[in-house]
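Consider the two complexes below, in which subunit A is the common component and subunit B and subunit C are the respective partners.
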Partner chain A sequence: MEMKPLTRVILGLVCLLVAIWLVAPMLVVVPMSFNENKSLAFPPQGFSWQWYQNFFTNPDWMSSFLNSVKVASIVAALATVLGTLAAFGLDRMKARPANLLRMLMLTPMVVPGVVLAIGIYAVYLDAHLVGTLTGFVLAHTILALPFVLIAVSASLEVFDRRLETAAASLGAGALTAFRTVTLPLILPGILSGLLFAFATSFDEIVVSLFITNPYLKTLPVQIFSSITRDADPTVAAVGTILLLATTILIGGGMLLLGRERKGPQ
Partner chain B sequence: MKPGQESKGAAIDLESISKAYGGFKALDGVSLRIEPGEFMTLLGPSGSGKTTTLNVVAGFTDLTSGKLLVGGRNVVGVPAHKRNIGVVFQHYALFPHMSVGRNVAYPLTLRGVDQAERKARVARALDMVKMGDFAHRYPSELSGGQQQRVALARAIVFDPPLLLMDEPLGALDKKLREWLQLEIKRIHRELGTTFVYVTHDQEEALVLSDRIAVFNRGRIEQVGTGRELYDEPATLFVGRFIGDSTVLRGEARSDGTSTALRIAGETVTAPRRIAGEASPVMLLRPEKLAIRRSGQDAAGTTNRLPGTIAEAIYLGSGSKYEVRLADGSVAIVRSPLTGDSFGLGDRVELCFDGADAKLLADDSSADATLT
Partner chain C sequence: MSALEPTTPSVPKRGWLSRPFALTLPALILLAAVIGYPLLTIVLRSLSEPQWGVQNYLWFFGAPVNLTVLQRTFVISAWVTIVCVVCAYPYAYLMTAVGPRARLVLVLCVLIPFWVSGVVRTLSWVILLQDSGVINSLLRAAGFDSIRLIRTQTGVVIGMAQVLLPFMILPLYSVMKGIDLRLMRAAQSLGARPSRAFFTVYLPLSLPGVYAGAIIVFILALGFYITPALLGGPRSTMLSTLVQTQVLSLLQWGRGGAMGVVLLVTTFVLLALAAPVMRSRYREAGRR
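For the complex of A and B:
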């Protein structure tokens, strides 16, 4: 059906509005990070790189950033392995118990973060896990697991299991068939699960606020405490850096996926 | 394989194989000997157990009881990947992330064949199925027929002594199917491997096979060459499944040497009888039946039944008629072009020589399974 010019214009305007509404909060951060004064006022005054400098030289910022990278990397690896195994197990189980188990494993996505955080905190106090790397990794893995489970389950859903039968007839044992046929075909799902798991851990704040202590802070915790203490534009600089990093990561991923989809020529 | 045998193929012995799923018997005591290098087709309607048999031989399905020997070796309990049997699936099952060349090389890579030899054997297998120019393509870039030819190359490239094919042409259109049937026949001749082929298409079975095993409800009804099954069906089911047929049912009377059926007031006789208590029916092939106009002189034929032409089909090489008999049943007649031609509704007489009628035990399930 051909659209009338007026409809087209109105539709375009609405889209533009929605786009601005979605992106504006992020883009406000960018100019603020170049502020000359120590304030988070918008619009910013003057231009300076000092907040970026502060981020890279201040040990509070640097160590919390490195902590976050460390925790998120371990969580991503752990959640991807566990989530992939879980997705496999559920895929090959009888439907009814599998659905129950799947729902159980997805609860961390549904349960309010605060509730989860209180529970984790109570247990961690006894177990002396507050402010430890192990504590952060365990808590974040619980939160990241559902994302891996969903992503890998989705690619297993479209995976044709008869290919494994074919591989067996050609001489491949179960492990070889998995490595040479199943894994390459569900790899996109596993990778996107990995990415989600990393992101979940990297920007997790609610649980982290409970189980942090002065010796181990993650970046979101540092940002939060910094902004509640004073209006430090370093927060804006960090935000800009993260924005840039995620844009490159996601954009690159989409480019790669797009090439994959067209098929290797 | 025993020494001195010339064929490269393996013999297969199925000894009273059964497979039960809960209370349902998918296979009920199937025994079958397949000779080395033979082209054996497992033919039957869906759910008759032919694919289950294939899966048992391939190692995809465990059997509940029975013995299975491939090349004289007991393979019960041997996992599929250690059986060294080629399998071609109806759904091709090519690996979509590998090129055609890598798909075909896959079983060789698993067997540690070195690169130079691998390349040569992949090229040879692809040439055999006439896909030599497609080694660098991906499965998604090929048509169904091309994909199935690649799958065939992949299943024969490691020289298995036995090749199983599960309705490999089922997803292709008629013309392609007929051409690929001849290709498969040629490849079987060139390889000398034992082929076991599953299909529900009796014409395909007749074109391809040395022998055919007809399956029905988890059992084998009869094993034989196409000609044996057509000319001498052991059961009504086989007679109806292979080729066109007319079944005459009626009140039966047998004496020592012949059987008479009384059908809507008329009597037909055949100089034979069947053993046992079952009520006999007569099965007639279309070319053994003749039709002539009512009232015409019918000297020389032993049996006559009145009817009307219900369908007249021109086949080019002849005509095929469906004749509705007085008892409501339908007879199928094929007549050469040289004879009289008939139109719808013509009153005719169906004539046949009693010696051409096969006497078989009635089996109402034969109708139910077929329709």
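For the complex of A and C:
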């Protein structure tokens, strides 16, 4: 599109502001995490590693972190298996029932968090699942399922079913054809679903706040209660660690993907 | 290849792959147990506690304070959606117009906040907006009076819009990516000024993306809980917080449930209204 130079400059400036607005606010946790005082007031005073030390040594923080890793790992595995199976089923169904079931399976994405949270809390109170690993895993799996379904369905859509036919005509059973032909081709979709499921569970906060108890907390719950309770800069240290880990994972992943795509040419 | 299609034998139907419905069953059972049953419980409780009837709904729509909160929830969500559309439109357009390297940077700026935990992002806004926060410290250092940002509606809108912006940019980008820019050149070669070409050609073609993003943002904003809880105050309470108070603090499952059902029904009505509009817009965009 031909643009006047002035329009171009204004567009660039607006986008720069939007980009800063998107990224810069998160960076504020970095200086706060090295604060010497137990305060989140700006500007931070002095320099100290004590909040990082606190994160790694304080049992409240460490156990909630390990709980989150444990729950998210189980959820990622479970949601990926269930979501992949469902995506296959929908792919091989007639269009009308498939669309209906797909919409049903995507509802966890649009149900307001608090409504779902009080519902699950009510059921868990009766079933004695509040504050249990099973309770967290079940709730997070259902929230992660839509992401797996979307990712796997997308790669099934571009998968050429005739390849399975070819494998079958060469004498492969349905399972062998699936294992040696279909699975390797849709693996990127399954893996991105796995990653989405892990991240969904690791970040989930609203339902977790309701089904948590003092014996089982996840990291977001611990962060939330720390923010509402006092101005402990340990949250800033945790935020910095999570920010760094996310940037490395996403940035590295995108660079790798970009290089791979360029590679063969 | 396609000429061969009619003669290729179909996959022999055997084993678990031949029963597609069975494959979806585990997911459906979990869905029924962890979404269906809990939502049903809430609907039943809203109608049965303390006794059977619609008294909880009468209470909700009869108390002015509830209606104020309901109205505020809509107003805040509308503001968040407007801010998101205004900020996302030029950004998504630039993503389609720049070279691959600059695009990577722009995409990363959207994806990194998208993947960073929402609680951490809200924490950042607490640090920025609080009375002893970054913005007020800078204002004071520059000799201005400090302003109240945290526990205000403005603060809630700023924080929510930043958290939800990626949900607006990504669908908008995917639609804009598909727009043929030669149409703009054609319009200009026929004598349209750039602004006229934009408003008569580009803008209508990009509207499906705007609708899709706006609906997602508005619906997510309606149910937002964490950001208003941490950035808001009594004068910016949204419906979700009210639901939580009724259930956890007052143990009023009936009243909390009724509010939850109102929120749920509103969400689904909006989705149902938006779905046909979006679908027909997509079809129109495809036909042109």
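Basically, the second predicted complex is superposed on the first by the 251 of 265 C-alpha atoms of A that agree within 3 Å, B and C clash if a C-alpha of one lies under 4 Å from a C-alpha of the other, contacts with A are read in each partner's own complex, and residues count from 1 in each chain.
Throughout what follows, a contact is a pair of C-beta atoms (placed from the backbone, for glycine too) under 8 Å apart; a residue touches a chain by one contact, two chains touch by 3 or more.
Source: prediction; values computed, not measured.
Which of subunit B and subunit C touches more residues of subunit A: that partner is C. In the superposed model, A:R229 makes contact with neither subunit B nor subunit C.
After overlaying the two complexes on the shared chain, residue contacts for A:G171 are found with subunit B alone; subunit C is out of touch.
Of the two partner chains, subunit B and subunit C are each touched by A:R162. By the document's definition of touching, neither partner reaches A:R96: not subunit B, not subunit C.
Contacts of A:T180 after superposition: subunit B is touched, whereas subunit C is not reached. When both complexes are aligned on chain A by C-alpha atoms, subunit A residues 162, 165, 168-169, 173, 177 touch subunit B in the first and subunit C in the second. By the touch rule above, subunit B contacts subunit A in their complex via residues 58-60, 79-82, 84-87, 89, 91, 93, 95-97, 106-107, 110-111, 138, 140-141, 154-155, 158. Contacts from subunit A toward subunit C in the complex involve residues 1-4, 7, 11-12, 14-15, 18-19, 21-23, 25-29, 32, 40-43, 82-83, 85-86, 88-93, 97, 101, 104-105, 107-108, 110-123, 138-139, 141-142, 145, 149, 161-162, 164-165, 168-169, 173-175, 177-178, 199, 202-203, 205-206, 210, 220, 223-224, 227-228, 235-236, 238-239, 242-243, 246-247, 249-251, 254, 258.
On subunit A, the positions that touch subunit B within their shared complex are 160, 162-163, 165-173, 176-177, 180-181, 184-185, 263-264. Subunit C contributes residues 1, 5, 8-12, 14-18, 20-28, 30-31, 33-35, 37-39, 41-42, 45, 87-88, 90-91, 93-94, 97, 104, 106-113, 115-128, 130, 132-134, 137, 162, 165-166, 181, 184-185, 188, 194, 197-198, 202, 219, 222-226, 230, 240, 243-244, 247-248, 253, 256-257, 260-261, 263-264, 267-268, 271 to its touches with subunit A in the complex.
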